[in-house]
Amino acid sequence: MAAELLKGNVALAEAAIRAGVEAYFGYPITPQTELLEHMAQRMPELGRAFIQAESELASINMVYGAACAGARAMTSSSSPGISLMQEGFSYIAGSEVPAVVVDVMRGGPGLGNIQPSQSDYFQVTRSAGHGDYHPIVLAPASVQEAIDLVMLAFDLADKYRHLVFVVADGLLGQMMEPAELPPMRPLHTERPDWALTGAQGRAPRIITSLELDAPALEEVNNRLQAKLRAIEEHEQRYAEQMIEDARLVIVGYGTAGRIAQTAVKQARHEGMKVGLFRPISLWPFPERRLSRLADRVDAFLVVEMNAGQMLDDVRLAAGGQVPVDFYGRTGGMVPVPEEIYQAIATLYAKLPDRLS
Amino acid sequence: MHEEIIFAGFGGQGVLFAGQLLAYTALEEGRHVTWIPSYGPEMRGGTANCTVVVSDEPIGSPVCMHPSIAVVFNNPSLEKYEPLVKPGGLLIINQSLMVTPPSRTDLEIVLIPATEAATEMGQVRVTNMILFGALLARQQLVRAETVLTVLQDKLGARKAHLQAINNAALERGAALAQAQPVE
Amino acid sequence: MAKGRIEINEHTCKGCTLCVIACPQDVIVMSTDRPTAKGYYPAMLVDPEGKCTGCALCAVACPDVCITVYRQVPVRAARAEASV
Amino acid sequence: MVALETVIEEQVVYARPASLRDVPTHYCPGCTHGIAHRLVAEVLDELGVRERTIGVSPVGCAVFAYKYFNIDGCEAAHGRAPAMATGLKRVSPDAVVFTYQGDGDLAAIGTAEIMHVAARGENITTIFVNNAIYGMTGGQMAPTTLPGQRTKSSPTGRDVELAGFPMRMAELVGSLPGAAYVTRRSLHNVKEINKAKKAIRAAFKVQLAGMGFAMVELLSSCPTNWGLSAPEALQWIEDVMVPYYPLGDTKVADGVDALMKER
Amino acid sequence: MVALETVIEEQVVYARPASLRDVPTHYCPGCTHGIAHRLVAEVLDELGVRERTIGVSPVGCAVFAYKYFNIDGCEAAHGRAPAMATGLKRVSPDAVVFTYQGDGDLAAIGTAEIMHVAARGENITTIFVNNAIYGMTGGQMAPTTLPGQRTKSSPTGRDVELAGFPMRMAELVGSLPGAAYVTRRSLHNVKEINKAKKAIRAAFKVQLAGMGFAMVELLSSCPTNWGLSAPEALQWIEDVMVPYYPLGDTKVADGVDALMKER
Amino acid sequence: MAAELLKGNVALAEAAIRAGVEAYFGYPITPQTELLEHMAQRMPELGRAFIQAESELASINMVYGAACAGARAMTSSSSPGISLMQEGFSYIAGSEVPAVVVDVMRGGPGLGNIQPSQSDYFQVTRSAGHGDYHPIVLAPASVQEAIDLVMLAFDLADKYRHLVFVVADGLLGQMMEPAELPPMRPLHTERPDWALTGAQGRAPRIITSLELDAPALEEVNNRLQAKLRAIEEHEQRYAEQMIEDARLVIVGYGTAGRIAQTAVKQARHEGMKVGLFRPISLWPFPERRLSRLADRVDAFLVVEMNAGQMLDDVRLAAGGQVPVDFYGRTGGMVPVPEEIYQAIATLYAKLPDRLS
Amino acid sequence: MAKGRIEINEHTCKGCTLCVIACPQDVIVMSTDRPTAKGYYPAMLVDPEGKCTGCALCAVACPDVCITVYRQVPVRAARAEASV
Amino acid sequence: MHEEIIFAGFGGQGVLFAGQLLAYTALEEGRHVTWIPSYGPEMRGGTANCTVVVSDEPIGSPVCMHPSIAVVFNNPSLEKYEPLVKPGGLLIINQSLMVTPPSRTDLEIVLIPATEAATEMGQVRVTNMILFGALLARQQLVRAETVLTVLQDKLGARKAHLQAINNAALERGAALAQAQPVE
């Protein structure tokens, strides 16, 4: 299949369809509405479930229901809508059913605006809701990667019976660029062996996040934590560019990472030894690789479209070994390469010589 | 080749479509390309801009502070983007809605009475194609033939009857641009 | 019939034509040559024969509060009518 | 004569339905949640759908309903059972899906979800247990708490000036075009229990016939939080609740009548 | 004769009300949100309450209502305006508090909040602009979208089998005992606009009289997302919306009648 | 006034009343329901506003409304209810109105149980909702401190026009111990100069979190961030015990910190040089003091009733200078002193000698 | 009148007395001396005169499904009646 | 003095109140004290426990793994807490509901037929006071007089008529405890 010019939101939606999503439930919110609209068109055409729910709360709980039945289910929203889903996320994580959520982030806090942002980093990576868990969070930086990561998201969700986020921002959602869609995968024909299908010829199955007995709930948590450790072990993902001899490494994900790439190239052009580290999985954060880099680079510069959230993770990974600087824009402002370049140049000039 | 083009005007002027047409055509010609829109709060009549990057290499940033080309459809957009265009860059202006002429001298400036011309053609909605035609005449980002093929494709059967007037508008724009001396 | 006239705020008018439809005297028309800063073609009063009665139906119909309506009224009666 | 030939034999005429597990419940003595459970289980047995039914438990005293029914089940977030059931049903159209919800769950936090599941005419069944109180959290005012009723959060009695009027959910839900069958029944004596069972049976049949949303509101007791003995609580239903919450159907769509009549 | 003594003078018979700021709105050409704003402003002027009124804007096309009204105002989260207004009113009983909400805001995500503010008989006023669509997000289906109506999220027309039936909010809200005055009006022509104003006036008077919750549903146009010209859109209200959403009062509590009659 | 035996939940409620709360809006949830019930009794008695709302969403938005009117307003809930309020929190933070929220945390994720927990740490300290902000978070360890911190919470909320949490857990909420209530403070008689009161003789006031223009919203965010920096500067709070010569410092807040105290005493008794550091403000986290301690202690042991959340903050404060170990219980399990002592003893035995 | 008897599960009975009230024959009484593991005093059948008809009203009224009802029926009739 | 006491039984037996009475009294006598409850899922009839710590010093942990005293109101509680009491600790048992007698030999064990005794007194609800009386007789955590004053205060005017039977129950418990040999 050849590359087509695709809008990010549409690509996210169509990728989910190709990945075999059986049910989509959502509520309109800019800047992800085209995703819902694409689903509104395509899902009924394909005989699959589509509901424009009465709210984000209803959406996520419909996803929860469909997931309990063993179907691939997803929803999508943007920042305020994601806040409303927090309780639902916690239930899904607690009952260990697979689900995929797309968050096309916008400026906040509050109603904020509809411009691109990355200020949901904390709320999606830390614990999107009460209780001890982290969803898997994947952050594409191009329309093609958005497609690939949506496909991956469904596979990871099924593999770990876990909640998986694909987080984009308004810019990626609205952007068009050439990308290639994978062929349609066949729908799963069989329901998994934990799914609710009616207790025909077998003992009833129960899916719940409730466990009044504290020792038993601690057991549940231990199992969940063990799973999270396994995910940390196996699912750290990132991309690197010009990292080999870099003294300064820019760390940015999604759109910010992509824009930083242009700045990094310019800096290289000017002779600075600068590289780019782009986390693809925000949780699990690719801390293994980053802390290895911390052994040999002179500084990190974190670039985000927020006031400094991934910054904590980079500082944790750096473990106090190298300085970690920050450049961020908020309120829906998208940094342009020129300003990131400035931040690089300023910091680079001040770099302590590690070897001296 | 690496060009960053901003199309800017108000909603309903076909600003976004002009940019998309460029993007589709660039893809057709095998280039790397990105297109991103930005809007004001209004559903109709607000600002509507888009940025298109066309390049021979994979594109990092799809946004830029200083575009190499700006096509401004109305006066507020002219005021906003004139100062931002890269020195030596190209600025195409819809003269029909211009209030104060641009003052920069380090740009290639093309004034096209696009709204008037479109109205003359009996279809004010082809203003965008006139400006697009003018752009291509001054900077061959893509080939005019490819534009026509792509346009045909995008209009599809349902809107095929609009092909002729769009083609004419592209040509009209090119003609208006060529008629203007390159400063 | 009372004599009236209207003023249309050409900056805020969005050219929706609803006043044109509402006017029983057919004295409002849309301009075609002077777009506003937002690109709309505003309505205008064209009332050479002085047919406008000041009935204010146009103003009631206008979603953008662009229309101010004036009416020539006998002064003493005016006080009573103004509060209608 | 034939009669002389007949042998007298002892038969079981009433026993636990197969759709109900043989485990003790955590309900308080005399709480009619237990009766509501049993009726649903009997209906599932009688309709022969136990093996394709999925139950959605609420947050409320019935939170463990999934432990008591002998069917596939899950536990919804507070008030969201209708949304969860919607998700289940849309991907499992052959399954029989029902929610079991209390009045805090359905009429307070879950108002939007129940109204919209009815508006959509979602093909599921809701058993709505109205006990005019938040049982599980220890007896606070519910949207269904009666004017003047004392609860832990209306210690001097529900003051309609400050806390408003009780909501009649069967009427509200029944007024939505997507609802096929909505009725209110009570569990306060054997006669009413039998009628309630008929209603529950009808509600499930509506789903089996694909006719859309059905809800049975059941007036139910909470002796613990009403501060009454079990028999007093039943009397309170009859004396106080029934007058405010009239029993009977609030919506019977075309075709449902026929369903109700057939055996 | 007296008439001869009368001087002819030109007077302003229609001008912008003081409660509306003199700024252009972001609404599309012909959108009747503007009319709804003006009517509210006129009523505030006429009742002389501009200086003690607090308006709560919704999330929807009217999100900037606070910029247009010349009064204290705030911006609620999507659907939560009634809750926010409740908070405001309970601590400012002398203030006149109203919400201005669209149909997505009020009838979808905010279902619970509007039902409960009515159930509580909260002493606030709600202006409910029903345009059968989500305007601000670009034209998706609303709970009020008509059967068969094409929207961006019902591209082949609202399919009642899958998406259910439109909700008649004035009827639902009017059926709650706490509601004092609930009515549906339309903005599609001058006659209806005048009636709508009367209704809005009554709704605010109900609040001033401390009688409880009042809501005016206004059928309103969205030419942009309906894909119609401004005049066509008004015609569509008359031809399509009014038949499904009958105009008139759905609740007039005792005493409200009298209020409506007095000048 | 003499000390009375008070239940944590009741103390939290009565303290708010003494602090001059004008409006309480809440929804029942165990284990904080007595707080709401106390309010149901007392607020109407005092002629103040009390509503049992239809949900937590309604509660927080009622608080938002009352706060906009300039009244001292609060709500309370427990973990799942807090998740549901996230959107509201973000609006409140974005529009900079004061509000107080009490969270009596319970075991999660999902419905979990009603036993004590501290697993809301991330969701309250990081960004309780979308966008860049942190609420002020105060964590009492005794009924007396609960009273004091509620009083403080209202003052801080007013001072910074910000969202302030008081976080307890089911144990503190349900516990009775002697404590002294302060006298009733008079209600504020004047509304602040930003409050919505009706535009009488002045220009209208607007309270909103909406700002469609990205540069303007970035300005809003800059102002917000500057405020947060000021809070970080001035409001770091903690308690310390036996810290002077400590080689190992236990870091725990709230109930966990209190229980750890008994274990620390026992360890001292056994001759180990162990101290206790108890953060009182969880945000701003008392990192200044902690990183100074990191200069001279040999290790930190973080104790939480979760799977390790504050742990991140301690690691950030320690800056890689000393090892940070963790002991946690989840699912509503409350650690007993004996097990914390074990963890201390085990770690202490392994302590590297810093000076060697 | 048909002859019947009931069995009450003493482990699950919570002593709510609702069966006592429901029984038209007054043959159920509450025990007072044998609390269950949960501390309830269960109901029991005391029917020395064999008055129980097996009408099952007690079972219908019992919230805890503690009661199994037996009835002596003529076998041929039984098949038909069992499905009532 | 530093004692950690667990009261355990099922809901409705007055377990929590017994603990509270101890806590109130200890406060009255100027001690430091904490009281914490824990319940099962049932509103009625489930497990209900509470832990009271009474101390001469400020109390760190209000919970403990090994209480120095346990007062068990029913057999499940006996089974749960017998193994946990500190060696040398005190275990008071409601003998009326005991199924299997305790087997530990390193504890002071007191068997009180409390339910029976309360039933005899015509008020099964004072079971808790009987056990509490027995506790105080064996371990003078607080003075009996103070208990009586506090009880009077807590019962208040509305329940003043219950004072007499409660006092009698406390005495009955004490008597039963004293009648038992200290092993």
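Letters A, B, C, D, E, F, G and H mark the chains in the order given here, with residues in each chain numbered from 1 onward.
The working rule: a residue touches a chain if its C-beta (ideal position, glycine included) is under 8 Å from a C-beta of that chain, and two chains touch if they have at least 3 such contacts.
All values derive from a computational prediction rather than experimental measurement.
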Separation of subunit E from subunit C in steps, with touching chains one step apart: 1
How short can a chain-to-chain path be from subunit A to subunit E, counted in steps between touching chains? 1
Let me have the rounded angstrom distance from the C-alpha centre of subunit B over to the C-alpha centre of subunit G, please. 87
So, what's the distance in Å between the C-alpha centres of subunit G and subunit A? 60
Cα-centroid distance, subunit E relative to subunit F, in whole angstrom: 41
Can you pull out the residues of subunit G that are in contact with at least two other chains? 14, 38, 40
Multi-chain contact residues (two or more partners), subunit F: 51, 54-55, 57, 80, 87, 91, 95, 110-111, 115, 208-210, 212, 334
So subunit B residues touching two or more other chains come to 40-41, 45
If you look only at subunit F, which of its residues touch subunit E in the complex? 22-23, 25, 49, 51, 53-55, 57-59, 61-69, 71, 73, 87-88, 91, 95, 196-201, 204-210
Seen from subunit F, its contact residues with subunit H in the complex are 3-5, 115, 171, 174-178, 258-263, 265, 334, 336-339
Sort out for me which residues of subunit G touch subunit H in the complex. 14, 35, 37-40
Okay, in this complex, where on subunit B does subunit C touch? 10, 12-13, 45, 74-76, 97, 115
Tell me, which parts of subunit E touch subunit A in their complex? 59, 63, 75, 77-79, 104, 108-109, 111, 134, 136-138, 140-141, 143, 152-156, 159, 162-163
